[in-house]
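Structures for review follow.
Shared chain: chain A. Partners: chain B in the first complex, chain C in the second.
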Partner chain A sequence: MSEESNIDIYRRRFMSGTATAAAGLAVAPGVMLTEVARAKPAEQAVTSDVRWGMLIDTNMCNEGCDDCVTACNEEHNLEGFGRPTTDAQWIRKVTLKDKQTGNVQTLPMLCLHCEHPPCVDVCPTGASFKREDGIVLVDSHICIGCRYCMMACPYKARSFIHEQLQDQMPYSPRGKGTVESCTFCVHRVDRDILPACVVACTEENHNAMTFGDMNDPGSEISQQLKQYSSRQVRADLELNTGVRYRGI
Partner chain B sequence: MLKYSLITVIFSLLLGVQTPGMAADSAPASESSETFFIPKAQRRYSKEQACVEPIEEMRANHMEYILDQRDATVHEGVRSRQHSLEECINCHVSDAEDAPRVDSEKHFCNSCHTYTAVSIDCFQCHADRPVKSQFHSLSDSSKHRIKNTAAVLPATRSSEQLNVPSSEDVGNE
Partner chain C sequence: MKDIVFKEIDGGKPFYMLLGFIGIFVLAALGAAWYMEHNGHWVTGMNNQIVWGTPHVFAVFLIVAASGALNVASISSVFQKTAYKPLARLSGLLAIALLVGGLAVLVLDLGRPDRLIVAMTYYNFKSIFAWNIILYIGFMGVVAIYLWMMMERKMNSFTRVAGFSAFVWRLILTTGTGSIFGFLVARQAYDTAILAPMFIIMSFAFGLAIFILVLMGIYKWSDRPLGDSILFRLKNLLGVFIGAVLYFVLTYHLTNLYITQNHGVERFILMDGGIYTQLFWIVQILLGSLLPLALLYHPSTGKSRGWIGIASLLVIIGGLAQMYVIIIGGQAYPLEIFPGKEVVSSFADGVVGSYTPSLPEVILGIGGIAVALAATFVGVRVLRFLPSTLADDAVDPHYSAKQASA
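Here is the complex of A and B:
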């Protein structure tokens, strides 16, 4: 099984490599960059030329601030039912405390949109999938609510909907009996708009979150990743996460 | 003998008069009853066309269009609006506070689906009416656009952008 998926990955890398080479032949190197990075027309499918990623600077993330969480809940209408253990949670604040020094850090934890997502590996129906541009989603039409993906996710990023829901947002359909998680605000990203949490963080001048295309060397996120040291949570699992952290 | 024939004539007259009368009364009544009431769309798709496809075609095959669009949107990120469920709702359902919801037989989708006894589960997850959301107000603001290298080459970008139909333009006229 793992051998097969490895072969798939190699094949994909080879194919994408040849595709890029072909594109490079067709246009000048500088122009090719813009071709990759420009917002896509609505009727065009996403491609693997883009890989969406997020960089979170924990030094800028204030303890007690949950603007990103509130923004997410509002954007997707994630209402609570007074049951913290099972209520839907796409992004949450995590507090880290160094017991020796007493130093406290907080950071938002969300779906890390792995390149090799374990949730996709275990899904028996194919509902859990990774889009070409690296965003990991659940197709609720196919999800049977078995929750294997919730078990497989090392980051506890997924929620199961236990209750009948009403008044969902048109761009964020959600329903009882399916698993869901952060979508990187895919409805916004497809229209070239930043995710709600990033907007909220920037609006409040915390500037702890940077979102962009990690395949584009000129993007803000790529430049920051190049300039500063950053970490993947549980890098030992070699999932190549799309969300990375500075300062932890 | 005369008595019996008279009774038969009276009965047949009564029946003969009454039966067509009843039929004539009940037929329009069932058509105008609430189960067969289909709400009018909020607007036309274009000057030439009432809906996104010819109306006969939509009545027969609307589910196929929605299904195709569903897979394209969820898996490939295609955001064209012509055949999206969201645009069906935006056009066919009123955004008024007291507008009928999907559990009512006056809701556009449910009016017909009740009549044909087809139960759908679209609206267990999807919005059954147009919702003006935070998302739309944010989308107007250019400062929340994703920055990319394309901005470095403004000439290429602006010329390319003219060909890109804005997602807000379709269906909001």
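Here is the complex of A and C:
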């Protein structure tokens, strides 16, 4: 087969792939961050004009449903080794029972993307960092695996990679001996696509998760936060979390 | 008081056999580290709940003891107690050796020890851990200069300045080490300023206990006289330090017991924490503090070298237990993410973290002690760290007066 016809095949595959993706997006409402309309060129740096945040309505979160967890695991290929104490978990379902009243609630816990993240404060090399738009990430290339950030995080949001990983996603680089956590699906958000967990929750019509720009007064998340009472987990620490909860 | 003559210890076959014996532990530790790095940390007892395990217990203990080992030199140079002057060189050497041992364990337990150069070239100055890296390296430099001032006759006049710098540096260093835990706002067992001074006083006790054992060991090994006068001074000082550590432990727990939101963690450590409770009461308090106090001050055991040695060993064992309770017990108690709620999840929320030390972790930790001892023994073999005699009439300025009045 000639080189030219090879290119034709690639081109055809690419075109059909794009068309499928476009069709998928058209029928899946809530996938795009349409309200933001801030699509910026890739070379342009993120700014603090945007503060990405998430509002989780625990009243809408069903006990027994873990669609957000499954979606995250698939998106980032967080396949475990069947070892619950050492496998990574970026998002987990937590069930709460009030010790006094017996009231039971369930909610997803993930990295809360604090404005003042303790993990970033304590990291000796600066591998833990916060983007201007509020997303807290780990630079896998300069993480030395000291785990001090895991000692410091009040939410147990981070996992240490305890063994060799295979079949990683190109947009989610991970490595044995380093620490990682929820990235707010930064690879999607930068392309104006909602995080995988939010899409999964919305697709199932649970609508417990709202994602958006907390700095934009017109965004859905800002309007909901303004209209309804919400809480930060461990608000006493005054970390100004990017993830907030209704109903707790 | 006669002039002090410093001499290297003799070499020969027994010395190299001793070094070879210690070398076995160092090699075993390197093998253990390679095994853990090669497979990943899942082969250790550590997990996503207990992220710092036995290697950290040994590493932090050695680093804390390192600064404490310098105390004897500080008493001599900073506080001008001439009786301690003959011991000052060994004190400095032991301080560097213990720090090297502790750092070796710490680095080999990193997820990416191959990125050590990253740790030394990328600094986040808001991180107390980053400051500690600078403080550790600086400590070795400052103490090395201090040793040089002491050992080079032409430089002797700078000894006091160098000794004072090293003293201040070691106080800052241990403040930094304690603050690694003290600055952790999220965990109930930490998040308190008292950990910084408590680590300093712990360093006094651990460092001096190691110093006494090493001193007695080397002098017996090399057949050099070691008088009661200097040894009894040291053991009395050790007793004071043990009492001071107890005071800080008491204050720490009393404060937490007063504050309702810390009742959970206190109940865990003091009453139903299983292994952590046992380690606290039986090993740290009873065997590691009260028993050595009694041994050191009892009229008969307090005058026995054997018992002084055992008391020092007990302080070291108690110190390791204390580190275990602070570091691992502090992590095992679940994070209070939702106060007032019972929490259940797939990520061990709300339950006591499970941790059993694995053999490679223990071997790596012991390897740190081996590195420190090997460095010390090589040091006293090749350089003039030790006085040829520490007999009473050679070191005690008041000895002849005492004899005359007796």
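The working rule: the second predicted complex is superposed on the first by the 208 of 248 C-alpha atoms of A that agree within 3 Å, B and C clash if a C-alpha of one lies under 4 Å from a C-alpha of the other, contacts with A are read in each partner's own complex, and residues count from 1 in each chain.
Quick note on the criterion: contacts are C-beta pairs under 8 Å (C-beta built on N, C-alpha and C of every residue); 3 or more make two chains touch, one makes a residue touch a chain.
Please read all numbers here as calculations on a predicted model, not as lab measurements.
**Q** Quick check for you: in the superposed arrangement, does A:213 touch first (chain B), second (chain C), both or neither?
**A** A:213: touches chain B, not chain C.
**Q** Could you say whether A:113 touches chain B, chain C, both of them, or neither, answering first, second, both or neither?
**A** neither
**Q** Which partner does A:162 reach: the first (chain B), the second (chain C), both, or neither?
**A** Second partner only.
**Q** Examine A:74 and indicate which partner it touches, taking first as chain B and second as chain C; both and neither are also allowed.
**A** After superposition on chain A, A:74 lies in contact with chain B alone.
**Q** Now for A:244: first (chain B), second (chain C), both, or neither, which partner does it touch?
**A** Neither partner.
**Q** Quick one: classify A:43 as touching chain B (first), chain C (second), both or neither.
**A** After superposing on A, A:43 lies in contact with chain B but is clear of chain C.
**Q** After superposition on the shared chain, which partner residues are touched by A:123: those of chain B (first), chain C (second), both, or neither?
**A** A:123 contacts chain C only, not chain B.
**Q** Is A:176 touching the first partner chain B, the second partner chain C, both, or neither of them?
**A** Both chain B and chain C are touched by A:176.
**Q** According to the stated criteria, A:194 is in contact with first (chain B), second (chain C), both, or neither; which is it?
**A** A:194: touches chain B, not chain C.
**Q** Considering each complex separately, which residues of chain A are in contact with chain B in the first and with chain C in the second?
**A** 164, 176, 178
**Q** Please name which positions on chain A make contact with chain B in the complex.
**A** Touch list, chain A to chain B: 30-31, 33-34, 37-46, 74-75, 129, 131-133, 137, 139-141, 164-165, 167-171, 173-176, 178, 186-194, 196, 199, 211-213, 216-220.
**Q** Could you list, by residue number, the parts of chain C that touch chain A in their complex?
**A** Touching chain A from chain C are residues 37, 39-42, 47-49, 51-52, 110-113, 115-116, 118-119, 122-124, 126-130, 133, 180, 183-187, 331, 335, 337-338, 340-349, 354.
**Q** So in the complex, which bits of chain B are touching chain A?
**A** Touch residues, chain B against chain A: 70, 72, 74-81, 86, 89-90, 124-127, 130-131, 133-135, 138-139, 144-150, 152-153, 156-157, 160, 163-165, 167, 170.
**Q** Can you list the chain A residues touching chain C in their complex?
**A** 81, 83-89, 92-100, 109, 118, 120-127, 142-148, 150-156, 158-164, 176-179, 233-234, 237, 248
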